[in-house]
């Protein structure tokens, strides 16, 4: 129950929930950071920690989600408040998906075995994707908090970088050679790269929600079924 | 413009209108017409002409309006004319009365009239004793009636349920219809029981007037108390207020203006009662302001007396009788005006 | 038909999301005193049946009104919620022919016991009505002090001043009227008049406040102001409000009780009572769900 009663309490509760949802992005960014470290150093234990920690992200999702539903039921929000709550529900979903993607990556790391990586450049690509994605997450968070539509739209361009790196990974994987172990390793790395690319797409989705809150219109910045290029 | 004024159902928005002076003109014309006809027939009188020309004017305005404005407006105008004529008819007696009383009463007014009584003054004297008597007798009646009537009204409105209340309502209804002479005889009989026949006191007149006044006070007080909205009482109860306190501190103050007005109007009603006072207070020529000691004169009986037994200077007596009537009417008017002023000053806006 | 997993109950019983079965509560322990020492109290109704003469208006209500909380009574017109509310402070019996069967206890004491003075009950359980009704012959000051003037009798002016100011502050009205305390109460706007009535009610320091549709005569801004006030007041009082505005019930209350009338001529019943969030997100009774979603009629 909010500390203050009535309208003030409602506003405070809404602000608190927004902060909580956005803070979920911090949790995701940290999880991604640890995931990247685990890839870099082949650290299976670290990967397991990330998987276990995902419970925190899921817990955050459930808690904020339930509170938002209650707010919808009890306060009958309209206009910007209603759009904000709807956007936060989407953001929460994205946060939860991002966390799950980190878990997916960490689950495949043990499969790469204990040998040194077959292709250093591929690892570098993936780490580069990861770091770019982390900056995407941070930009999405700032864009939402500041309600900055321009910054949100820019996420598309930032995401293009990640998409290009992903394509490069794919080409490298194709050219890896005939060794069965190497090919297996490359496929595993591709899975990781794909997961990172999905995380970046989720960040772009958050950007679209920023535009919805501010303008009331929901339009996909970049629609996979209607490619602009 | 055609689109606005031509409705598909045949209703026209715009149409002809009679000029503003039409009703007056029609009546004036009728008056002249009827007057001429009656004069020619040799039986012209103003009253007859006025009455007949109303009928003629109604027919005239109906025909004219119907031709210009349409049937609906024609009926409207005719009814208006009839109603105004009825109002004028009702006003005529009142105007005539006031006119006559003023005309005949003013000659009787004088300084002497207001300051002297008639004791020992042959053919002269004044009505001071009557004026004082009227005020005293009515005053005592008010003092007795108001508490009784108010408390009865409070009982009936706030406490009463069932049989006793229905019985009370019935008796109040009966009392409003008592002829005033009966009230006077009741007071006479009552005091005769205790003091023997031949007793005449000012207070007997007050008792008779009380009998007449109480039902009026109860009626009007009940109406005023009913108007006090129930939610005010509920608000007081919800604060944990006992019932009697709610009545005295919330209901009565809210109803105050209406109650005072009711009392004043009841007073104006009984102040001119003659018959009961004739049999109870007696006729006397000297000033007496003590209601418990002997006969007391009052304006109504005084006027009657001066007219019936005029004494040596007839015209002067008649003049004084008319003057007494004029003073009575003036007192009643003052009371009514005062009632309105009190109401306006003290009324509470109840949302 | 609700999905699997929701609890279904029998006729007449009231169940909430956190299992509050009808009739199972014994006398509750007295509530701990609120911060400034006034103990807000628990009201318990046990099998309350209300009649207007021979007409059975409300049947078999059993519920607990928890201290320092706002309980909202909702339901369609004529379902008995106002009748039930008025039975909590013995105002129901003021209607000629109205009778009460069953128990209503205030912290364990039966307010309908023989020998209990209804006037005393009403001093402990105050009421605010739908139509703001300040006494028209009294000034603002006298209106707030009316409860004191009418009940307590002689009081030192300084004490009375302090109580009037405290009550007006408590009703969020002090700043707006402190310069015109001697003006008549009818000169205020509707929302201000209602807050004046609230100040009047709390001036006698009741322990429970009953409110019968307090905002239905007010415009939306005034309504929100009064709702904010109710939220602040609950820290000192137990509050029960009847409202036909569901958004108000969902915004302003902690617990909600849903009353229903099956068909006209039959008595109204309590269908469900529980935390407001549960009633509006996941009620257990289908009738409740239909009502709050607006699917009635």
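Note that the chains are named A, B and C in the order they appear, and that numbering of residues resets to 1 at the start of each chain.
The criterion applied here is as follows: a residue touches a chain if its C-beta (ideal position, glycine included) is under 8 Å from a C-beta of that chain, and two chains touch if they have at least 3 such contacts.
Model, not experiment: these values are computed from the prediction.
If you draw each protein chain as a dot and join the dots that touch, you get a simple line with two loose ends.
The central chain here, found by comparing per-chain C-alpha centres with the mean of all protein C-alpha atoms, is C.
Here the CA centre of subunit A is 91 Å from the CA centre of subunit B. Centre to centre, using the average C-alpha position, subunit B and subunit C are separated by 50 Å. Each chain gets one centre point, the mean of its Cα atoms, and the points for subunit A and subunit C are 49 Å apart.
The set of subunit A residues that touch two or more partner chains is empty.
On the subunit B side of its complex with subunit C, the touching residues are 161, 229, 231-232, 234-242, 245-246, 249-250, 253-254, 256, 348-351. Against subunit B, the residues of subunit C that register as touching in their complex are 89, 91, 94, 96, 119-124, 126-129, 131-133, 135-137, 146-147, 149-151, 186, 197, 200-201, 204. Considering their complex, residues 224, 227-232, 234, 247, 250-252, 254, 276-277, 280-281 of subunit C touch subunit A. Interface of subunit A with subunit C (complex): residues 1, 4-10, 69-70, 73-76.
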